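Chain IDs A, B, C and D follow the sequence of writing; residue 1 opens each chain.
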Amino acid sequence: MIPYLSLITFIPLLGAIIILFLPNDKAIKQFAIAWSIIPLVLATVAWATLSSWAPPYNFVYNACGVTIDSASAGYTFGECAPWISTLGIQYHLGADGLSMPLIWLTTLLTTLGLFYSAKVIQNRVKEFFALFLLLEVGMLGVFVSLDLFLFYVFWEIGLVPMYFLIGIWGHDTDRPQYAAIKFFMYTLAGSVFMLLGIIALYLYSSPNTFDMTLLAANQANMPFSKDVLISSLAFLGFFLAFSIKMPLFPFHTWLPDAHTAAPTAGSVILAGILLKLGGYGFFRILLPIFPQVSQQWAFWIGVLAVISIVYGALVAMAQTDFKRLVAYSSVNHMGFVILGFAAAAALTAEQMQNPHYINNGASAINGAVLAMFSHGVITGGLFFLVGMLYERTHTRELALFGGFGSQIPVYGALLLLTSFASLGLPGLAGFVGEFMVMNGAYSTLTLLAFIAVWGIVFTAAYFLWKIIQKILLGNVSEQWAKLPDLKGYEILTLAPLAVLMFAIGLFPNWILDTINTASIAILEYMKRM
Amino acid sequence: MVQNFTLFIPLLPFLAFAIIVLLTRNNNRLSALVAILSIVAALMLSYGVFLEALSEGAELAANPFYGAPIAWMPFGGMTINFGWYVDPIGAAMLFMVPTVCLMIFIYSTAYMRHNHVDEHGHPHAEDDPRYARFFAYISLFTAMMLLLVVSSNLLQFFIAWEVMGFCSYALIGFWSFRGRKEHHIDDAQVGRARGAAIKAFLTTRVGDILFMTGMILLLITLGSLDFNKMYDPAAMNNMLAGLAQPLPGVEWPVVIALLIFGGTIAKSAQFPLHIWLPDAMEGPTPVSALIHAATMVSAGIFLIIRAYPLLEFAQQTSGPAMQIVAFVGAFTALFAATIGLAQNDIKRVLAFSTISQLGYMLAALGIGAFVSGSFHLLTHAFFKALLFLGAGAVIHSIGTNDMFKMGGLIRKMPITGITFFVGAFALMGIFPLSGFWSKDEILLDAMREGFYPHAGMSQDLFLQIIYLMLAIAAFLTALYTGRQLFLTFLGKPRDQAAYDHAHESPVAMWAPLAVLATFTVFLGFWNTPFAPAFFHFVGEGGFMGLPPFEHSEFDPIALTNMLVSTGIALSGFAVAWGLYGFRPIQAGQPDPLARLGFVWKILVNKYWLDELYGYKINLDGTAQPGLLIRLVGAFMRLCAWFDRNVVDGLVNLAGWLSRILARLWGWVDTHIVDGLVNATASVTGEIAEWWRTMQTGNVQNYALMAMVGAMAIAILFLLRSFT
Amino acid sequence: MITQIPLVYYLALAAALFCIGSFGALSRRNAIAVLMGIELMLNAVNINLVAFWRYGAADPLVDQAGIVFALFVITLAAAEAAIGLALIIAIYRSRDTVNVEEINLLKW
Amino acid sequence: MDVFVLFYLSPELILMGFALLILGLDLLWRERNAQTLGYLALAALVAALGMSIVLGLRVSATDASGLQWGNQVALFCGVCGGTFADLLYWAPRDLADALYVSDNLTNFFRIVGSLTGIIVLMASFDYMRARKYAGEFYALFLLAVAALIMMAASTNLLMIFLTLEFLSIMSYILTGFLREDKRSIEAALKYFLYGAIASAVMLYGMSLFYGATGSLNLGEIGKVITGDTNYEIMALFAFGLMLAGIGFKIALVPFHMWAPDAYEGAPTPVTAFLSVGPKVAGFAVLLRVVLQVIVVYRNDWVTIFATLAILTMTLGNVVALTQTNLKRLLAYSSIAQAGYMLIGMASISFSANPLEGINAVLIYIAAYLFTNLGAFLVVIAIENKTGAVDLSQYSGMIKRAPGLAVLMVYFMLSLAGIPPTAGFLGKFFVFGAAINADLGWLAAIGVINSVISLFYYMRVIRPMFFEVAPEGAAPITYSRWIRAGLVITSVMTLLIMLLPMPLFNLASYGAQIFGVAMR
């Protein structure tokens, strides 16, 4: 049995270390790209193996002394080793339909980010590539951990490289240091409360454990589930960490600064993966482990989600900086993910008995996870496009652009594609997730869903009005007369993302099939409340 | 047999789109060829399906061609499957859509070549710089329309619907950007196209949101979006049981039906979301024909056709869904016709006539005249495409849209002129063109239901009103169509330069006109009151599990109606002749109807709706957002301000506070400690002496602090132990 | 009958001495005087220790902890004084002052 | 008394013996072979470390491995008598009238102390090479380490006083070691005056203890103070005064004010030592006093420690925000770190859960030791070459000394408590203990503080990475001893996180002597 997850997670770390000993920039770049393909291949193989389980997924998961079978399973590739044995902390890895797509996306975006950066980053190359691979370790670690302690460790590991990526390679005009420390402190402020939540979870569970699978599976015999105050506080700790990471209104203000300041590949990873850590936490931890509290707060979380959607879209519309606008669009889109969470969480115990509601709950979860995945693809692409335009024009001021649709048609076509994918055009990646989330939301949070759905109009408005119209339409000014179109390596960077946008939009089944297994498992856990 | 290949019908043009984008985009001729070949192949396949469907006859309604092999969206224990669903009306659409599209494609090969005079005065014809892209877009567009027609599932339908929205955006805005060497368009055109595209997409998006909401609620209440389920009475009854009522006393079906109707309102440009369609004329004319007459707006009607059982169910169980549809349709028919009177742009007149005719169809569907509504959809597609293409030929030849710069063109462009006349008469409803038969049937149904109820039923005032509105609209239609004919093709040329420049179109342009004109003339005979073949095919089977439609025999009422509607059309045309044809308008002469004064001003300004909630696009390419958009804009700026100053401000405030706190500690060190020292010293009576000695950096201050601290802790312990 | 001086008297004396010592230590400018204040404080402790030993121990001749402690305190006071004076001399050499209020190079 | 018992004093004896030897050799060699004396001192510390480990291990009949950690010997008993064999196995808490014990806790602090000594000594080789009187420095330094170990071993008020003064006096001298440096000597004087006053106050408290209970032995006093009101007032009042002395060592607010000045003025290796050694020893004493004497008044001291913890953390962190001198900044940081340790003190709940306050304090101490010394090693390495201790002089360090810069990031992260570092593990245990003791709010304040602290720790990093080095700035080289020290500290900082079980066991064995049995 190949320890896929350990390999995927730690091969980049090895790469980062090797990079420190490589002699010149060229070798570093080539090595980093080649090396990053290894986890990508492994993740692809792992996913392929994963999706070959046939329904009804009745196999036995057995790792770390945890044995789960039949429908409520979902995990595979379990790996286990004792770590801090007195506290029952284990090195417990595992993947399921929830984490597998995100793991794969992480490896993909890292490879693309490295590939693009190899052409763009010219100063302090060694540091950049080593940090980038280190960042990948942190992100992958979060997705593969099934032990809360391990989860937390990886969660924080990702912060440091990102801090440096923003601070060192940020554009001088964007106050990179301010943005970097803001990002770091803001995220840390959230996650330390999660640490307290994790400890409380450990102390109030019986038997005391940090194991996510056990915590989720043992809902019924947890004294914790009866202690409303403590469990609410612990929930709040997790919630704060995740919603800052997501980011959810009103915890989002670190995001525009960080995104704007970060170098292109950094923004891609930040938007593509780092935000997903929060969303992943919502579904991996809050929903299965805190079903009661989630249910109590679902409406208000839904309200915040709806505010994020509408407010994020409106604020995005008011931006004049291309990158900042795309950054705010993340607030807008992540709102749907949280709305999906709220919709699934809002299922009452009574509704849990009705397969119809269960299906819609699964729709909400599927949709939210798929929305995360496709947001990673789309916004990753958008940030690449922002970066490519910036490399050419050295400005991001939307008012200075115009007419690029005819000047640089390939760029224009890709921007058009990505924008429409982002605003949720059916047939492209963004729509499916949004639709499924709305489906779930309408079944439990009808009113909120009806407000949220108008966010889609605003989303369309700012993409059309602010991005496509200001950049692609109109006349080309003389200033840009010599603007070159995309080069081969740039198209190559974007091509996989474009293919994914179509692949998800036209046939989401291949990915939803995987996610659905996890959604069913999560709902099984929730049923025990 | 052919039915199993139904899904290849949309796939073929989609492949053409992919091929053009990926491979042949730099070769204009090859791209056009790929597009046309694909549509021809799709046409043959869909004719195959159509013929197979015809051979099934009315039986098809109960056992439509159906298959849903593509698992698309699994959630929980459920999966939404995609596939094909061809029932009689779908089959009829499969006949109409590729036919019209093929004509438009052929027409476009010539239309997208622009005549251009270089600096030496030599005329050149050169391809539009984005010629290949144009064919890619219209291929995608056609693919999506075909997909929509064959969809087996409302979600699949919705996807095609939305992608068409994108195509309309891209095509309306086809000239919304301009390279430095593109001379065929000017800055004003770029500005107008830009505004029109975004307006079209966002306005329809509003409807799409409603549609999506309705669809999702349908999915939740019905448990499926498959048309099989939607047409199953047993499944429909479940809808009343599931979720709690949305509002007290309101049941879900009517809410869902009206939300879905919201999609139609936007897509088919019904009041109040019709505002995008006239501006959408900024796209190249084949696009107008393709999107805004023949197919895309028809998609809205087709949605109502698909949702017809739902509407009827809603009407029966929970609320006046059908009546609302009928009223909106009839009102729009009348309303748009009035605006059509006051337009000078040849294409805008057609645009408003489209809105008006779509209103007819909706009114028909709303009053239960399912078959006549559907039939009008088919005939309208042909003659409206004909009219648009004809108008396009005119524009292409003389280079302006303004009817007051035309006149007498029939002498220069006889084929275009004659075919245009055919289309215009069909639109007016002149016997025996197809428009007559289909429109007449609608009016007949309204009249029969309204004025001649079945035995035992009282006359229905609502239907009478509908009938009257439609009749007035028919009169106005004849009036503005007549006005268009007189201003454009008859009379004297008002702009001699343009007239001299005018010439008959190349064969690639007039041939499609001829084909469409032929269909316009003969298609009506498919469903005459004497021999309603179309009814037998479409209506007799009803919907799958639902009761079939009833058809009355040809009787005196029908005859009366035929006479009345012919009279209305002729009188409208006569008025037009009186105003515009009797004494042809001279150059510079104001419109005779301008004498209406304020009413005229209202009509010219389209009731100021753009200023109220729309987006007013001026001829010079500038635009003013309406009141509603301004409000949204203000709110948007408020949000951005809030975000920058309040939400982020709180964060910065925390940082600021901690800095202040840091200073405060310093201040405490310098002042409070001093104060404590001061107090201690005063006890010993030597304040003045020691005042100055106690300063920070002084170890004695530190020690004092320590001692005070220790005492404080000790005393705290004491106090605690006493309590 | 000879009345013994109560323990409280000693304690009060020690407390007073401690206060005087600490006042001196905290308020004198001259570092030597500060040192003297500290010596007074230590002596107050010694009084306390000896008094407690004399009054508290069950058998003062066997349990001599208090007085031993006092002896150690005296010794350490001497050691401290040595260190202190050495430091004061060193600072006087480098700065020509032993005024503690002027020794404030390091602050904030 | 069995002479063989002196074996159980061997680490301290080795240190003091070598100190005297070095002093003697220094007299003989007169500055000629100062480096050799340094190596001798290092050898002494390594030997002490080895002996500490040997002392801790005993042959066990029960443990399958045959070896078990845990060995408790009371020394200098008045009446405990008995044979050597008896001495090995007395029950926890029954300390008879020992002055000085060699138990698990002592061994823990022996290891901690000699490791501190080794690392600081490595750091000081370069520093002292350029300066006079190196031999004396090494001798005094060994004595200081011995003093801190002895402080941790004392179980008697008199012994505590003596060892505390021993450590203090050594520290004063070391602080003022640069006699020609105004700052150094000023720091020493301030430190001295402050320390003398603080210890006088402590002594006063001790005398009250003696008066109230008639004993100086912690065990005896603990037996007398059983929670009835006669002693309560006196004991707690006296403890409050004693805190002045202990708090002075630990640098708790409000006894912290000497620290920034002394840290800034002292020779940097001494600063490194001061930031760890006395603090650690102070916690050892605090643990013994609290858990053996006033343990019954748990409610009272929990409140006090919680309050002090909040004050200490918050003041340390907040004031550190404005500092630009790195030594001063680290001084405030170490004040704040003491605050986190105090959370552990406040969270002592005698529960069977591994997340227990005593454990947490000990683990935190070990983690803090390596991290903080590592940070100081970087500062020393840079100061040795450039004399820079101000943040503004650190710009572009990543180019001049990439290794140092990266390690500095690592140590700063560890101080801030970001995984995967020892500092994180320490914080995890501390906050865990707090939640376990129903002090979740205290843990919450603690984590907020750790977020604040990140800001100034990152301020240290910022010039190193984000700013450009001044023109012509030479790369910074450093000796193999500093490199060795950096390797030890960084590897240990990582290892404590990755393989925490040995440390955990060490700490929990130490905690056992207070009758706390961990699962």
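Heads up, the rule we're going with is that a residue touches a chain if its C-beta (ideal position, glycine included) is under 8 Å from a C-beta of that chain, and two chains touch if they have at least 3 such contacts.
The structure presented is a predicted model; accordingly, all values stated were derived computationally and were not measured.
The most centrally placed chain, judged by C-alpha centroids, is A. Of all chain pairs, the one linked by the most C-beta contacts is A-B.
Look at where the CA atoms of subunit A average out and do the same for subunit B: the two points lie 34 Å apart.
For the pair subunit C and subunit D, the distance between C-alpha centroids works out to 27 Å. If you average the Cα atoms of subunit A and of subunit C, the two centres end up 66 Å apart. Here the spacing of subunit B and subunit D, counted between their Cα centres, is 75 Å. Counting partners per residue, subunit C has 22, 25-26, 34, 100, 103, 105-107 as the residues that reach two or more other chains.
For subunit D, residues that reach two or more other chains under the stated contact definition are 189-190, 193, 197, 201, 261, 455. Interface note: chains touch in the pairs A-B, A-D, B-C, B-D, C-D. Considering their complex, residues 11, 14, 18, 21-22, 25-26, 31, 34-35, 38, 41-42, 44-45, 48-49, 51-53, 56-58, 63, 65-66, 68-69, 72-73, 76, 79-80, 83-84, 87-88, 90-91, 94-95, 100, 103, 105-107 of subunit C touch subunit D. Interface residues of subunit A facing subunit D in the complex, by the touch rule stated above, are 84-87, 127, 149, 152-153, 156-157, 159-160, 163-164, 167-168, 176-177, 181, 184-185, 188-189, 192-193, 195-196, 199-200, 202-203, 208, 233.
Looking at the complex, you find that subunit A touches subunit B at residues 182, 186, 249-250, 252-254, 311, 314-315, 317-319, 355-356, 358-363, 366-367, 403-407, 413, 416, 420, 425-427, 431-432, 435-436, 438-439, 442-443, 446, 449-450, 453-454, 456-457, 460-461, 464-465, 469, 472-476, 481, 507-509, 512-513, 516, 519-520, 523. Put simply, subunit D touches subunit A in their complex at residues 353-355, 398, 409, 413, 417-420, 424, 428, 431-432, 435-436, 440, 443-444, 447-448, 450-451, 454-455, 458, 462, 465-466, 497, 500-501, 504, 508, 518-519.
Taken together, the subunit C residues at the contact with subunit B in this complex read 22-23, 25-27, 29, 34, 100-101, 103-108.
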